[in-house]
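Here chain A shows up in two complexes: once beside chain B, once beside chain C.
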Partner chain A sequence: MFEQILYPSPIEAAITRVESLIGDRKNSIPHRTMALLLLQKDPSLWSVSDSDMRSQLKQELDFAEIESIIAETEAAISESLTFAIAQARHQLAMEIEQDVTIQPHQQRAFKHEWLHQLSVHPLTGIPILLLVLYFGIYQFVGVFGGGILVDGMEGFFESEINPLVNTIVATIFPWTIIQDLFANDYGIITLGIRYAVAIVLPIVTIFFLMFSLLEDSGYLPRISLLVDRLFKTIGLSGRSIIPLVLGLGCGTMATLVTRTLESKRERIIATLLLALTIPCSAQLGVILGLLSQEPAALLVWATVMVTIFLGIGFLAGKIVSGEASCFYMEIPPLRVPSLNAILTKTYVRLKWYFWEILPLFILASVLIWAGKLTGLFDFIVTGLEPVMLWLGLPKEAAPTFLYGFFRRDYGAAGMFDLHSSGILAGQQLVVAAVTLTLFIPCIAQLQFMFKERGLKNTIAIASFVVFFAFSLGYFLNQLLTIMELSF
Partner chain B sequence: MVYQSFSVDYSPLNYLGAKTQGVITAIRNKDDKIVKKLLSMGVHTGMHITLEQRFPSFVIKVGQTRIAIDKNIASSIKVRVIGR
Partner chain C sequence: MDCHDCHQSCQPKSHNLGGKLFNFGSKKLLKKNFSQGSTTTIALVGSPNVGKSLLFNLLTGTYVTVSNYPGTTVEIAKGNRIIGGEKVTFLDTPGMYSLIPITEEENVARNLILNQKVDLVIHVVDAKHLAKMLNLTLQLLEAKLPVLLVVNMIDEAKKLGIWVDENQLAHRLSIPVVSMAAVKKVGLQKLIAKVADYVRANSLSIAY
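Take a look at the complex of A and B:
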């Protein structure tokens, strides 16, 4: 049986008066609930909106009358109505809790107390955060996922599957044009599916595994708590660390998650930073894999990315209008995560991700095929070649930038290919890595930016990102040349 | 009145030291949304509150709930100190 809350009598009187204003209109919501929502000025009932139910409500309800009821009642109880209603509910909830719970040992609730203290104290928390990032992201995702796993699967594809596919396709279709659609250098199977399965999938799987582990252990809110002050200077709050860390996995998914942020301003800044500075896991894996052989190159890349992240964030915080962000977050207790839950989460995310990218990878292969056939692709690549030379890159890098538009990770995977064949090395590798990381978000991320932020913001962010990526690539190349840094 | 003494009843949380314990006497913020958020997380007047940490964020414990908040939100919680 449920117990109806009895509010203090002035509030009960107000509820009765509003109920009588609502009258006997037929509605799916009980009148008492409606009255309570109206008294609390619930935005979904008060805001002027065109939705059927509300406009009908607006016509029939005397809002001025309700307003005066609220004012009278608040004067009577000398407190805000919202506040008093919440207080009464909380009181009842506490009484119920007292009735039905027993607390055998006071200590049990604080089992991992010392670990919590270590994880949030600035002196120990920040080193722990750096260790988690180093082992979790760099060693596990970058070196293990992007290096060992990708090398193995990619090698297997190149040596076993691709030749097999080429032979089979060649025996089925006698025409080179059709053969190229499925096999050879840019075929759906030999390029599209190989990129998706052998390069992107292992990295993303490892990342999502790591992210689910951080999520379920309750560690993520503690990162928010530690970075809130720093993030305030770039117009964000600690809460934004979650979409940003998720962006290290998949920028598209992260753009979707920015809707959990409090203010519109925060959402725009986070979307911009995701589009510009945060590499997705496939990019990150490939870049870490390639650059880790040259520690100096990796250091330059990391320094440039962090500087741009903070610099652009700081400027965006100054430019994007809106109220300053506030930060509040419940800190759940640290828990040993359940393996089952982690695996399920990883699986669900991977499934979403894989079905999101596979059609695009195949589409990219088809478009490249069609583009090559009609000469359009060569035309764009020829157009990009001067830009490559301008960045000090070999002109063979041009297609990689074009692929990068279809999928960011696709572009990164192309870079992996270029490096293995010895075309890209040293300084060029650093410039290419920085430019590709900054360069436009992939089609899918763009699509989600459009869905979440609208056309105007998407166009503004995308054109800024393209302009900024190439200008910065140019300056970085000049700077590295002047400083005579060699990798 | 030449000077006014501080009322212990109404010390905003952000003026208190770490490990301070007290009872919430009021929750006031010009942004109504913040007050509502605090209420929905179980931060109510009359509740026992412990300020666990001040830096890098304020960490409070109310009932069984632990919450991280920024300085602005901390200043909206008024506390009667009952000990350290």
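Take a look at the complex of A and C:
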């Protein structure tokens, strides 16, 4: 049997005393462990909140007594008890490692150490990051996925499938109302499925492929290291880059991952930034694909997003009270990713994503159809039109924002459509893209915000996001007009 | 409405499709067992980014997202496999550094192994940083939990010139130790054999 670790005798004495306090209670946890956890001020044993373990304990345990045992022991060993216990354990672990492993005489560096250094040193790291962004994201996702692939599939849909569907539907159903449900401008097949299959699917496939590659190669955490200093100034630790970077994949999941952050303050800031500035992969893909058609527009969009991210983060860091926590993160090694793993991951993500959006896109088509039938759609769109004009957008953009209420990527796909038919161009494209990116995230993310942060924070964050998105769209439009930037 | 990366309610059906396409895990793993034996529950625990989720995928034939990125798993995933003629339920847990949690997601794993009935804890460690990881092993043993130690990533360790003597380690800790390179499925059969030993011993001790 494994021998227990023997701690320095004052600690052993303390353990024995606490053990006797615990007494003969039946517990799944051995007394010695319980005593050690109590002596180390284990948060869930000591916290006031009623965990089931604690409520049992409360009646029987004399916490004041343990408190004094800790104080006495710390006086005897003249260091923190938690530290001393960890120290003893660590020594044994070190000793076992020495005993059972053969270590190289010299600490041989990681095989890819030079690559690691290159990727995290600001002088070389930032150019590398820019190269990765340019080739990996802009060229591959934007130009190839958003341009070539989407053009091909959209063109095919527009020229072959849509007319065919329109004709077939027209022959089956003599009534225009039913025809409009499936075909024509807002039909399930001609709009909903076309958006999902011809615009979103190709871009997202390419983006997921790229994202999986970045993830598995270990490059993502190196970006974290690179921007850590930047993050510190806005009151976030390097650790909070994890949910933010994951937010580029899926904001919903990232909101869930904010629970890995240590302080409540960081969690709120990260949730806000996720809701406001971080576009999820689908949205990012579609927006990149769209704006890549006009590189100047892409540059303005990117600059605005980064500025807002830093600005809001900085302000939130000032407003939300609490301690800034220190950076601690594991840096996984750089690895040559396995093709199999990447394909599997892309496939699983894509399948999940596609089956999630397809019904929603169809539902949106049905709702638009019903809305048009009842006049509600036109009513809302008419209501939104002044807002569109206020933002300097054509009034045809109003439905797009309505789609955006369902999902941001659906709205983005709508923008793609407007752009290719020449309605949305240049400055308008930038304003629309920025406003839509800032806009409320999808319904799922809102749900998770509620689950993780509670009702009060969710309402506060959501109303701020809506207000901010439209005001910023307005100011950006004014600014671009004043600066007479042409695209 | 959930996202596929969390395990709570995602991929409810036929997520082995990916497996079929990319030959991820063999069909044998998915065979259903209807024997009425008591179920053995085994939790996979360890620091972030040591390969718990990958091992979980290999053991159960299901797919949970695996990344070269700490913090990918935030909730517990469940999967089954028949080992030693019994249904064994594996639990994939978020990473934890110590029995005393710092963040919420570490607490998830801790509460699981301390407060719920787990028959065996498989502690997955990175062979490259053994000392740092053994810290948790010692804590688990201190808590008198039945522990099986998986020393993972021996392939990467070897490249750095680090060799781990698994027998010596097993002797020092008095627990079963399996060294693995889960990415290449090295050591998987051995691990399954050890788990089978445990399951058999366990069901015997219940029977008599």
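Just a few scattered comments:
Definition applied: the second predicted complex is superposed on the first by the 377 of 487 C-alpha atoms of A that agree within 3 Å, B and C clash if a C-alpha of one lies under 4 Å from a C-alpha of the other, contacts with A are read in each partner's own complex, and residues count from 1 in each chain.
FYI, contacts are C-beta pairs under 8 Å (C-beta built on N, C-alpha and C of every residue); 3 or more make two chains touch, one makes a residue touch a chain.
Computed from a prediction, not measured in an experiment: that's the story for all the values here.
Once the two complexes are overlaid on the shared chain, A:421 sits clear of chain B and of chain C alike. Touching more residues of chain A than its counterpart among chain B and chain C is C. Of the two partner chains placed by superposition, chain B and chain C are both touched by A:221. By the touch criterion stated above, A:120 is placed in contact with chain B alone, chain C being left untouched. When the two structures are aligned on the shared chain, A:171 is found in touch with neither chain B nor chain C.
Contacts of A:90 after superposition: both chain B and chain C are touched. Look at A:78: by the touch rule set out above, it reaches neither chain B nor chain C.
Shared contact residues of chain A, touching chain B in one structure and chain C in the other: 86, 90, 221, 329-330, 332-333. Here chain C touches chain A in the complex through residues 1-6, 10-11, 15, 17-19, 21-24, 47-49, 63, 65-71, 74-75, 99-105, 107, 110-111, 114-115, 117, 130-132, 134-135, 137-139, 141-144, 156, 159-166, 168-169, 172-175, 183, going by the rule given at the top. Contacts from chain A toward chain C in the complex involve residues 1-2, 4-5, 28-30, 32-33, 36-37, 40, 42-44, 52-53, 86, 89-90, 92-94, 96-97, 99-104, 108, 110-111, 215-218, 220-221, 242, 246, 249-250, 252-253, 256-257, 259-262, 329-330, 332-333, 335, 337-338, 340-341, 343-345, 347-349, 351-353, 356, 443-444, 447. Those residues of chain B lying in contact with chain A across their complex are 27, 31-32, 34-42, 44-45, 53, 55-57, 59, 64-70, 72-73. Listing the residues of chain A that touch chain B in their complex gives 80, 82-83, 86-87, 90, 109, 120-122, 221, 224-230, 232, 237-238, 324, 326-333.
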